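Across the two complexes that follow, chain A remains constant while its partner is chain B and subsequently chain C.
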Partner chain A sequence: MIVVELRKLFRRPRTWATIAVLNALPVLVAVLLVLTDLAPRPGEGPVFLSAVFINPALFALAALAIVLPLFLPIAVAVVAGDAVAGEAQAGTLRYLLARPAGRTRLLVAKLVAVLAFVLVTVVIVAVVGYFVGTTLIEPQPVVGGGTSVSGTSLTQQELVQRALMAIGYVALSMLGVAAFGLFFSTLTDSPLGATMGALAVLVASSLLFTLDAASPIAPYLPTRYWLSFVDFFRDPILWRDITRGIALQGVYVGVLLAAAWANFTTKDITS
Partner chain B sequence: MTSVITTRALVKRYGALRAVDGIDLDVRAGDVYGFLGANGSGKTTTVRMLLGLVLPTSGEIELLGGRMPRAGRRVLPRVGALIEAPASYGHLSGRENLALLDASGPAGPWRTRKHRIAEVLEQVGLAGVGRRPVKAYSLGMRQRLGLAGALLRRPELLVLDEPTNGLDPQGITEIRNLLLELHRAGTTVFLSSHLLAEVEQLCTRVGVLDRGRLVLQEELATLTAPTGATVVQTPTPDRVRQALDGRVTAIDGERVVVRGADPAEVNRLLVSAGIPVTGLALQRPTLEQVVLAAAGPSTDRVEASR
Partner chain C sequence: MPEPAGQGPSARTVAGMVARGAAGRWGVVTALVAVLASLPAAVGWLPASDAAVSAADLRAAVLAAGDVAFSGYAESTGGLDLPVTDQLTSVADLFSDRTTMRVWWRGPADNRVDVVTPGGETGTHRDATGTWTWEYERTRATRSLLAPFDLPAPPDLLPNALGRRLLSEATTAEVSREGARRVAGRDALGLRLIPAEAASSVRRVDVWVDRDTGLPLQVQVFGKDDDRSALDTRFLDLDIGRPALETTAFSPPFGSTVRVSGQTDVVLEAGRRIQPVPLPAELAGLPRRRLDGVPPGIGLFGRGVTLLAVAPLPPRLAGGLRHALADSPGAVVDAAGVRVAAGPVALMLLDPPGHGPYVLTGSVTLDALAEAAAQLPELGGTP
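Right after this comes the complex of A and B.
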């Protein structure tokens, strides 16, 4: 069942189109950087962008930081929102369930497929960023800069380790988006509605985050700790927000998936 | 005879509306069961409950000896279904669609998959369709593909909702012959339709649904049994009335209904009286008359409440 869902997802032209579009923005940024030679100064602009002239390989992380606030969540919300509602709209859901695929099994397979999409997308963005960075950008000696956000320099091995952890953290944050998408996807027969629902939650969360009056609930907003993956590149690693972020996403994912399961297994399929 | 589908007091309520209102279906092995009803009478809801898609409000469903929806995983692989319109992934070919559907559930071994797919495509007349994506199929081809999906595991029971929808007359005949052939090979067919002619040509048993209630469930042969009257076609109906005084029950143009279940005897009387007879037959009610008598007006009509 999981293999079937993966085949469906990755044989779909739309999946690859989404990933391609997702990579276009970091590539554009890299080209502009090279053409203008105007890197933001340390502490300004998107994180890591200031450091890419010291170590072009860091552009992999800069690329993630560029797509994380908006592009990546949209892509994940589209795929997750489409998971069940897309089948319902196409009418294939009734045939799958009469086959019988089993409602719980289908939901688990969909979740795994979305998770695979998240991982593949994050890794592709990082890899494309790495190659774009190392081929386009020439390293320059910059006074007063370092590869860590704290200003010190990290060894190559440390960088790789921390980059992998950061990728894992970003993937977990996206799993939170996927859980919202999947939950809404079991509520409606319209994939667009499910995607919009998940995005509305994220937009609301980002907006409330900037509002002082919302500070009592700020620690519980799903997007609150998204950018904490930067903390992996402080020297030493600043674990506080990272662990909170992991716990928060864990709770969201657990509750939403339980709700999605409860709804989907007791639902009348009338599509 | 073993029972294939049995429901007891099956009810599905949507808010205040009772879409299915206490029906007791009884479909036996070897039947071609025609499930008739106007649009909105609850046919589709019933079919969906049989397949575990819609959960009943109350009542029991037994499908191939298992209680639905709990036994779905065990019994549904032995059921082939076409539920309303066919559906497939448009960007994939028919063959790939069938392979994905087959891999999505139990009892579809991958070793025989390729062979089974080739076989059912041959059966429904899509053997030469090649790698074309389904989005380039015509409606009739999609219907055939849907039927192929239902036949993929050589099911004991076929549940078909309007299977000839979108087919041209040749296609309808072809599918009808295919269903009859499958039936001869031992498949039980549950055919939900509002096309009376289709049901009359195919089915051995009929159930009629009206506003969520099963108003009729009987062998087709019993329903359309001779009424004990003879229908005479003649250009001179008035002379028939004179010759067979008291036995004529109705005259409709050149069509005269005469009491008496022996057309030969009626014919002899008329011919000896010198009355020209152009046609002679036992009177049988049509399925249409039976259904209209059993069911009320169309459920599409929404009358103002008084």
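Right after this comes the complex of A and C.
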């Protein structure tokens, strides 16, 4: 059933259109950077964009940083929100459930498909960013790999290792969004409603995070540790927020998946 | 109702089974959420174990712990809204914002403190002769040599540095014991300092001291008329043990701007002005302190947590400060001059003809500031 769901997701033109749109913005940013030669200062604009003229390979991370705050979560919410509610709206859900596989297995298959989408999307954005960066931007002659946020030098090998870990972390950070989308998708027959629900949670979380009065609940907000992938580029790596971010995403996925299961397995399927 | 023998379950029975199944499943989910949500609170409720240490001994332990090596993660929260000008915004941010810091401490003259922000950081690397400051946002490394005094910087806000500084001049009569609590996962013994000076704007300082090493783990400063702390700095993580030398060392990376600092020159330059006003040996009941290397135009009075500074200001700095003071809500304007209090920190600007502007500031009450100004007739204070 998992293979069926994966095949269905990645055969859909809409999936690839979403990924293409997601890549359009970083490519546009790269073209503008090359044309104007105006990189933002470190600490301004998207993270790592300032460093791409020194090390163009870092555009892989800059591309992720560009899509991370809004575009990537929207794409994930659209796909996750569509997972169950889309079948219900199209009237195919009861045929799916007519098979002896069971609802829990269908839910797991849907979750795996959404997770695969997250991973594939993040990797494609990073790979496209890497190629766009290295082909469009002329590097400055620099010895070694680059400079860490802490002002120490990193070798090319260290830089690659940390970049891979950061890409993995960004993919993990999207799991919470996917879980919210999937849960809302079992509540309603409208994919749009499920997507908007997941996005509403994210907007609320981002807003509360900026508010000092909300600091007691800040550690539990799903977007709280999203930017912590920067911590991979401090020297030594600051693991504190990264481990908390991973644990928090794990808790959200666990709880929301349990809620989706509790709701879906006893739900009346009418369409 | 009993089911008829030999037939399948009725529609009502099926509905009942489904409802019971749903309730069971939601019960599992609710229990899971309850367990996860109560975990942080449960960890927070772990009791701290106290020790029978006297206040004087605990203070001595803090002063002796200067060489304890550690690494950690600290957070300081300031509630002071200092009215300042463009030149000193970094100082104002320090006391009004939440500052998170990573620390590697090999000793007082070999340590590193990184102020961590979501997209960057500013690291201060201290060595035997001065400091390197690395600013990622500006790709800039700044070398500063040790000065007789410095403007407040993030490393001064670390619990270990601040706690030791505030307790260093406290008398035995001023300190008392105050229970125990858990800070950074360690047992911390409470030490309360209530300054004896009537002029002090600080009601009390609570220092929470690591039971095993004497390292201050949390410092809370309370103003005279505020129940919430004006400054709260604490470790969130702490590892006792010497960090590696290469972690605290620094050399400017390739492609960065390197410069030599002159930040304290603003203050020192003004202090060297040609005709310094002679300052008395005592001001508002606070005795004058001797500081090596500080020009005679600058005076520092008081002791421990109660300090009053009198310093000449460059006119360009004074203009901005005058506006900032006048615009501050709660500014006191009377015959003695304009003065304002931000938490326990009080500020007053004097502008005597022929001498250039002077600032009076410190952890004293507004009344003490007025009294001090009255004792400085050369600076235009009215007795």
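We adopt the following convention: the second predicted complex is superposed on the first by the 263 of 271 C-alpha atoms of A that agree within 3 Å, B and C clash if a C-alpha of one lies under 4 Å from a C-alpha of the other, contacts with A are read in each partner's own complex, and residues count from 1 in each chain.
Here is the rule we use: a residue touches a chain if its C-beta (ideal position, glycine included) is under 8 Å from a C-beta of that chain, and two chains touch if they have at least 3 such contacts.
Here the structure is a predicted model, which means the values were calculated and not measured.
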item	value
Touched partner set for A:92, first chain B, second chain C, both or neither	first
Touching partner for A:240 - first (chain B), second (chain C), both, neither	second
First, second, both or neither for A:35, with chain B first and chain C second	neither
Chain B versus chain C as contact partner of A:213, first or second or both or neither	neither
Partner with the higher number of touched chain A residues, chain C or chain B	C
Chain B versus chain C as contact partner of A:262, first or second or both or neither	second
Partner chain(s) touched by A:12 [first = chain B, second = chain C, both, neither]	first
Doubly contacted chain A residues - partners chain C and chain B	266
Residue ranges of chain A in contact with chain B within the complex	1, 3-4, 7-8, 11-13, 90-92, 94-102, 106, 266, 268-270
Interfacial residue positions of chain C with respect to chain A in the complex	18, 21-22, 25-26, 28-29, 32-33, 36, 40, 73, 98, 102, 114, 116-121, 123, 134, 136-139, 141, 236-237, 247, 250, 252-256
List of chain B residues in touch with chain A within their complex	48, 51-55, 72-73, 76-77, 79, 81, 83-92, 100-101, 103-106, 149
Interfacial residue positions of chain A with respect to chain C in the complex	41-44, 47, 54, 140, 142-144, 147, 149-153, 212, 215, 219, 227, 230, 234, 236, 238, 240, 251, 254-255, 258-259, 261-262, 265-266
